[in-house]
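In the two complexes that follow, chain A is the common piece, with chain B as its partner first and chain C second.
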Partner chain A sequence: MLSFLIKRILSAIPTLLIAYTLVFFIAHATPGSPWDSGGNRPIEPSIKAVLDAKYNLDKPLYVQYTSYLWNALRGDFGPSYRDRTQSVNDIVARFLPVSLKLGAAAMLLAVLLGLPLGALAALTRHPAVDGLIRMISTLGISMPTYVVTSILIVSLGVGLGLVPTFGWKGLFTASSLVPIFSLALAPLAAVIRCFRTSMLEVMNLDFVRTARAKGMKPLPIIIHHMGRNALIPAITVAGSYAAYVLVGSFFVESIAGIPGFGRYFVLAIAARDYPVIIGTTLIYAVIVVVINLLVDLSYFLLDPRARLEQGR
Partner chain B sequence: MSAPLLQIDDLRVRIPSRRGEVKAVDGLSFSVAPGEVVGIVGESGSGKSMLALSMLQLIPKPGRITGGRIALNGRNLIGLSEAEMREVRGNEIGMIFQDPSASLNPVLRIGRQVAETVEAHHRVTPAQSWRRSVEMLQGVRIPDPEARARDYPHQYSGGMRQRVVIAIGMANAPKLLIADEPTTALDVTVQAQIMGLLGRMNKETGTAILLISHNIALVSRFCTRVLVMYAGRIVEAGPTAQVFANPEHPYTRALLNAVPRIDRRVEEGLQTIAGRPPDLASLPAGCAFEPRCPARLRSCAEEQPPAFPAGEGRFARCWLAEHSKHQQGNSRS
Partner chain C sequence: MLKSHVLKAFAVAALFTTALAGPVDAASDKSAFRMIVGEPRYMDPNLAADFAIYVNAQLFQPLARTDKDGNLVLLQAKSIELAPDGRTWKIALNPDYKWSNGQPVTAADWVYSWKRILDPKTGSETASFLSDVENAMDYNKGTLTDAEKVGIKATGEYTFEVVTALPAPQFRAKLALPYLTPVPKAVVEEFGEKWVAPEHMLSNGPYKLVSRVNDQSIVMEANPHYGGQKPAIPRIEMTIASGDQCTAQLRAYEADEIDFTTCVPSQDIARIRGDADLGKQLDPFALAATEWVQFDMRQAPWNDKRVRHALALVIDRQAIVTAVSDGTNRIATTIVPESIPGSNTADALKGSIEDAKKLLADAGFPDGKGLPQFTISTTSTRERPLIAQLLQQMWADNLGIQANINVLEANAFRAWVQTRKTEKYDIMINGWWSDYADPANWFGDLVTADPRQNHFTNEAFAEIVKKADAETDPAKRAELYRQANKILEEEQPMTALQNPTDLWMVKPDVQGLAHEGVLNMYHIGEAAFK
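After this line comes the complex of A and B, so read on.
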């Protein structure tokens, strides 16, 4: 168990290094420079030269590559070129928590709602209930988030006036409802689909019949015998959604006016803000690695056979 | 004879299918006395397992019991509510299924799986049910039960898993234990150990055992009485030794002939029963075995034979049994 953990953490190092290398060279290979304001007044070449010199952009690429890596390892991701009063660390500290909170709430909603709905769809004797739940799940998978967000804002915000149409006032306010639901819909749909399928597979296995022959009540059988065994695929699916739900969605945050990480990430790319692009990508990569690790750890918790295979 | 523990009368189980209703169990009657060990033999598809599941009312949908009576200690189980049936399952009737590897939940500790059987029927603390679980594991001769109770099924061998399944079936000391092919998935040497364990359980606790098997040798060694099942009916019943030594029904004879024997030369070949088991969705009007029967009479295809008594505690559903009775009667007079 411990050796598995150490092995996985060590294997994350090359993963992160590759992510850094890729994003560094892709960012620098994109045409344009950080100093293009995008307006109709091109920047003075002498000023550009001074700026380049100040931020080491005049040095050869490999020098920039190593010096940034060295600084990043010590926790300094550099200044933002777009907003020079802020460092990347400041930006991450300001924007990431908003996205993390919304994302965590959305994932919690997706799992807490998805598992019971998936189980209900699998176990119900009424085809209509199963059909309704499957329809919700198909809609959730096929509708893009920007459509969902727009529909929610128009219906709940404009139509019913229940939620503000724009802006962010904190997690426990009405302003978080639309982004949470928009973010949750895709993972919710995926969890429902996956859990329904695996419950259907599990419910006819012999040990479930054994449990019924013991005289157990339906709910403990569903939870301990069917659920425990059906959970692993659902957790895997939820994990793959968690990474990108947690760092925030550009569309949801832009449409609902949330000052979040996902939106800032895309804006930084448009502005060729190299340190921000690289820093945020690395954060994203770390989150993906951590979530994958958590998913793997959940296998240990859920399936004793995994302990035997990988624990050695 | 004492009042029967289990009395089944005219039990009918039907499974709707595209080809019509499958008569899995078709007007079947028998009884089991307290502490008795009764065997049920028959080919695959003769309705043995459906009969077992019907006693716990765990027949997979859309199958259902359409008629008859299953009385346990005089109380008819048919018509009980689902909650009342839950009280019977695992408490008054224990059940052992065929494949011990599939019967246990791979992600739960062995001890937990025994303990939850206790918890389903008694108000106990988790510590109490765990202690009972360790006791049961000790009772089925799991070495070092205290420690092994914390293991998972994949850490057990096939024979040990079947011991656990027996411990689960016996955890609440039921009056009746139904064992559906309990040794089919096991090695021969392990089979003997498991049957020895079941025999000991029967003697020590007085639990009656209904052993469902297609293994004639096993049933002949283990059961005092045997029921031969064919096409959802009992075609012959009686004390095991007499039935197997002197079968009345041609089907029983064919079954016995199909048992490979070590003293028979291989060149003689393995005996099989000609033809195939009948389609339970469209049973013939007469005897269901008639198309395969080597001794059929003209009347066999027309009328179903009733159960003719054939000696002490014996009967056979065969027109030949009627004839043999007449002959006995004639010779005596």
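After this line comes the complex of A and C, so read on.
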């Protein structure tokens, strides 16, 4: 297992390097400069030159490429051009936790609701229950988050006045309801579908029938024998959603007014805020790598065969 | 049996979700004025050039305001006098106005602030507002390094002078610009760019900054040392939006979470106007601004006046105004808006669709034949792509000519426009918002300085504008600008489409929130709850 871990961590290095290289050159190749995003009036070319010099944008691209990389390796992701009083590190420290909290709550909701609902859909003989659950999962997968968020705000906020239409007051307030549910819907749907399918698959396998024949109670069978085996595909799916839910969705955060990482990332692109674009992409990449690693590690805990294969 | 266990698990999960969500917030009390604004790019008044000036205007105050007739209404200044040389503006400050910590706002603060705007190291877009000042642009461009040579000087603790390079009558209006405020010299020098943090910032206006969380909130409270009328509303709570602010504002307004919106999404205008209650809360304000379609005057066939006239004559402006604003914007037949001296709607181009067809045929393109396919370029914001589609349709239907549409993201469009200085294009949609109510802001800053890359060069026009800029007699000056206006409309390098209207909505319990100046500023310090 240790050698597996080391191998995976080493293989993450070229992945991150490729991500950095791509985002660096794409960001710089996008038309428009950080100094074009102000108001009505074009800025004097001489002033642009001063600003370029201040932020080393007058240096050749390869020099910028290596110096940014060197600083990033030492943990300094540079200044923000959009807001000159902040560094990228400040921005990550301020915005990432908001997205992480919302994303974690959404993933928790998706898993806690998705597993029982998926199991219920697989085990029930009632077509209406199965149909209802399948409808939820189809809606969740097919409805884009910006539609879900807008519908929830207009109905619950503007219409019923149950939740605020906009803004962020903290995780344990009504202001987090709409974003959590919007974020949770897609992973919830995926977990339901996946868990339902794999529960159906294991339902009639020999070891389940043996357990039943031994006279075990239904719930321990579902949890220990069926659930544990059916969990692996569901965890893979949840893991792939976790990476995208945890770093925050631009749509959900913009529409619901959440000062999160996803929203800031897209605003940075609009403002051509190169250090922020690159820094946030790198952090995003690290999160994806780490979550994939965690998903793979979870196989060891759940599936004895994975442990065996690795042991050989 | 099995089902009941699963159902129990489900119920627990549902309970957990509810507990996680917590209670709904109670509505805040009416001591605070609540609104949604965009994230100010700069809280530093020396740098703020976009909508951040509306946020900053609650904190920082200029010397004066201009009223509807162009007269100065003094605020921080006790007197503003122009010396007989026509170039030296002598400004005496009102010592009653103090920084939010009680220290006096001195001439040194004003001089420091304006020179900081011009300092190339500051990199401020607002430097162009001081371009009339002696040696200002040389200093700004870096060709002059001695800041002492710039024509802004303190002459006493509460008096300072501004000397313009030439007699510049329009500088009177600029003295009232919200961009030209003081900054607290000592604080800026001590904390550098971080001086705008709530714990350091001092302001000279009705409010002071209490807290700011980036991309989340801005809170202001009444400045106890403010020298003017003390605000009746003690606190302002701003929530920060990004992206589609108009939609966020309207939703929050309808849910009674905010007291004021500054815009209404175009798709909601008809519904709001039709609603008995909301319709009454709508507060429209006609802006001194114009949106137009412009031609690359250096390129054939656009350098042929007959082609420009033909394209202009077949535009149905009413259809555009209806489509983009439910008819709340006004039709613009000339570039310079009616409220700006020198404008004259009688100069508008006149003719029928038949005339247009004939003009196009005369130019060598009968029924549009032979006119190469061209591109209309536009930014993706402000309903401009829709305007481009309407123009494309009108030109195809009436003249039989085919246009492509090139929509660019806002920042990319701005950069693209700047590169049109040397590169060619066909047609683009653009606009201009008055910064100050003076014809120089249109004929000079827009047409002559050509930041929109229209490339209109006309000797007679240039001559008249140059003369008008330096003319100190207001009547003669207006007459000169009227002559220039006639040439501008006859040549038609730009074809005016519409004058935008700002649609505010104000809750019925708020009174005294007035539209101020050509920039349509709001001053919460002058409003009150009923």
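Operating definition for what follows: the second predicted complex is superposed on the first by the 308 of 312 C-alpha atoms of A that agree within 3 Å, B and C clash if a C-alpha of one lies under 4 Å from a C-alpha of the other, contacts with A are read in each partner's own complex, and residues count from 1 in each chain.
We adopt the following convention: a contact is a pair of C-beta atoms (placed from the backbone, for glycine too) under 8 Å apart; a residue touches a chain by one contact, two chains touch by 3 or more.
Quick caveat, the model's predicted, so the values are computed rather than measured.
Looking at the shared chain after the overlay, A:13 reaches neither chain B nor chain C. When the two structures are aligned on the shared chain, A:255 is found in touch with chain C, with no touch to chain B. Counting the residues of chain A touched by each of chain B and chain C gives the higher count for C. In the superposition on chain A, A:224 makes contact with chain B only, while chain C stays out of contact range. By the touch criterion stated above, A:305 is placed in contact with chain B alone, chain C being left untouched. Interface residues of chain A facing chain B in the complex, by the touch rule stated above, are 204-207, 209-217, 220, 224-225, 228-229, 302-305, 308. On chain A, the positions that touch chain C within their shared complex are 30-33, 35-44, 46-48, 50-51, 54, 82-86, 91, 94-95, 105, 108-109, 112-113, 116-117, 119-120, 123-124, 153-154, 157-158, 161-169, 171-177, 180, 218-219, 222, 254-255, 257, 259, 263-264, 267, 270-272.
Residue ranges on chain B touching chain A, taken from their complex, read 56, 58, 60, 86-91, 94-95, 97, 99, 102-108, 116-117, 120-121, 152, 154-155, 165, 168.
The touching residues of chain C, when paired with chain A in their complex, are 1-3, 5-7, 9-10, 13-14, 16-17, 20-25, 36, 39, 41-42, 49-50, 120-121, 123-125, 127-128, 140-142, 193-194, 196-197, 213-217, 239-244, 247-248, 251-252, 254-257, 408-412, 414-418, 432-433, 435, 451.
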